[in-house]
Amino acid sequence: MKLSTRNQLPGTVVSVTTGEAMAVVRIKLDNGPEITSSITKDAVEDLGLAEGAKVTALVKSTEVAIGVE
Amino acid sequence: MKLSTRNQLPGTVVSVTTGEAMAVVRIKLDNGPEITSSITKDAVEDLGLAEGAKVTALVKSTEVAIGVE
Amino acid sequence: MKLSTRNQLPGTVVSVTTGEAMAVVRIKLDNGPEITSSITKDAVEDLGLAEGAKVTALVKSTEVAIGVE
Amino acid sequence: MKLSTRNQLPGTVVSVTTGEAMAVVRIKLDNGPEITSSITKDAVEDLGLAEGAKVTALVKSTEVAIGVE
Amino acid sequence: MKLSTRNQLPGTVVSVTTGEAMAVVRIKLDNGPEITSSITKDAVEDLGLAEGAKVTALVKSTEVAIGVE
Amino acid sequence: MKLSTRNQLPGTVVSVTTGEAMAVVRIKLDNGPEITSSITKDAVEDLGLAEGAKVTALVKSTEVAIGVE
């Protein structure tokens, strides 16, 4: 499926922390720093996410703010 | 200011496209692909964003989805 | 690509309104009412979105609020 | 209250999974598939959400991405 | 309609800037600073938003980040 | 760091509720009602957030919807 989501950042899962409802997944980007994602626990199980999994972090452009020093 | 925002990705502005209300800013990440941000036109002017500006893309973890092939 | 995005609603594009930076796409869900999406103008062009196109509306669970009468 | 939120999808609660901070609510849309919402545990209790409750799923247009096959 | 949306901030519209697709609405909170909202142009017209209108700014808790000096 | 984030609301932490993955932080705005934020547990620990902490609630304009009575 081709996505309107402008930001598609490939990486590898570093860790998965699961709560009863939500989960936090840390991803080392192929070229770049770590990125953190908060998704539902169901989604983690549905995608079988675990350390070492190859994934793509997906971020809609409206969700990206900008900072300048 | 220290932020709760888990994802802080440094890069350089590649282009700024401004409409009457909103603007789209493309950023080449220091180590990584391009990322696109949609912010208000006011914010672009307030931060003086233009091609070549050093910036940080900021993404809250709840806004990051994940895909697997 | 399999997505963590819990909400994947198939439908057909009803209209596309494009500004200089952003665009608004209205989608009639296969079984259900209309849904509106705001994405970048680039995304509309990249996906070739136009009236009649078969699409899937994608919404992360964290972006869904709930109302009760 | 009339809302700017473009997407207002009526349905019925199918399940509520509550963690210590957040909760995940699954809703069968009146005409359509299931939709998942992640809201705070407080909100679930405040609205008295439980299986069978008639609700409206609310999604701002900026939070809707689009996919095409 | 009672909302799961935790943040409901009453105020008065200060200005409306409309583009072809999106609009930016600035709101002076009853007790507090100004807040800015980006919604669709359709939503502005649908709600008849104009300077002086009494409104409530609505923000889902997952969309609120935190900064500390 | 100067932010594109249009909404920066100063206040004081009232409570922090932490789950295994996420946390909910309630903030009394300096001039105004309470506001609720859902962030990761890591972010709470990273910022040392606790009752009484002076903070700024940060909300991107695209995440602000509007209601009218």
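Should a chain be cited, it is by its letter among A, B, C, D, E and F, assigned in written order, with residues numbered from 1 in that chain.
The definition used in the following text is that contacts are C-beta pairs under 8 Å (C-beta built on N, C-alpha and C of every residue); 3 or more make two chains touch, one makes a residue touch a chain.
The structure presented is a predicted model; accordingly, all values stated were derived computationally and were not measured.
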{"item": "Third chains touching both chain E and chain A", "value": "B, C, D, F"}
{"item": "Required steps from chain C to chain E (each step between touching chains, minimum)", "value": "1"}
{"item": "Superposing rotation of chain C relative to chain F, computed on C-alpha atoms, to nearest 5°", "value": "180"}
{"item": "Contact-richer chain pair (by C-beta pairs counted) among B-C and E-F", "value": "E-F"}
{"item": "Chain D and chain E, separation of their C-alpha mean positions in angstrom", "value": "21"}
{"item": "Centre distance in Å when chain A and chain B are each reduced to the mean of their C-alpha atoms", "value": "17"}
{"item": "Where chain E touches two or more other chains, by residue", "value": "1-6, 19-22, 24, 36-40, 42-43, 47, 49, 56, 58, 60-63, 65-69"}
{"item": "Complex contacts: residues of chain B adjacent to chain C", "value": "17-24, 36, 38, 62-63, 65-69"}
{"item": "Touching residues (chain side chain C, partner chain A) in the complex", "value": "1-6, 37-40, 42-44, 46-47, 49, 56, 58, 60-62"}
{"item": "Residue ranges of chain C touching chain D (in the complex, touch as defined)", "value": "5-9, 24-25, 27, 29-33, 35-39, 43, 47-49, 53-69"}
{"item": "For the chain A and chain D complex, residues of the former touching the latter", "value": "1-5, 19-22, 40-42, 60, 62"}
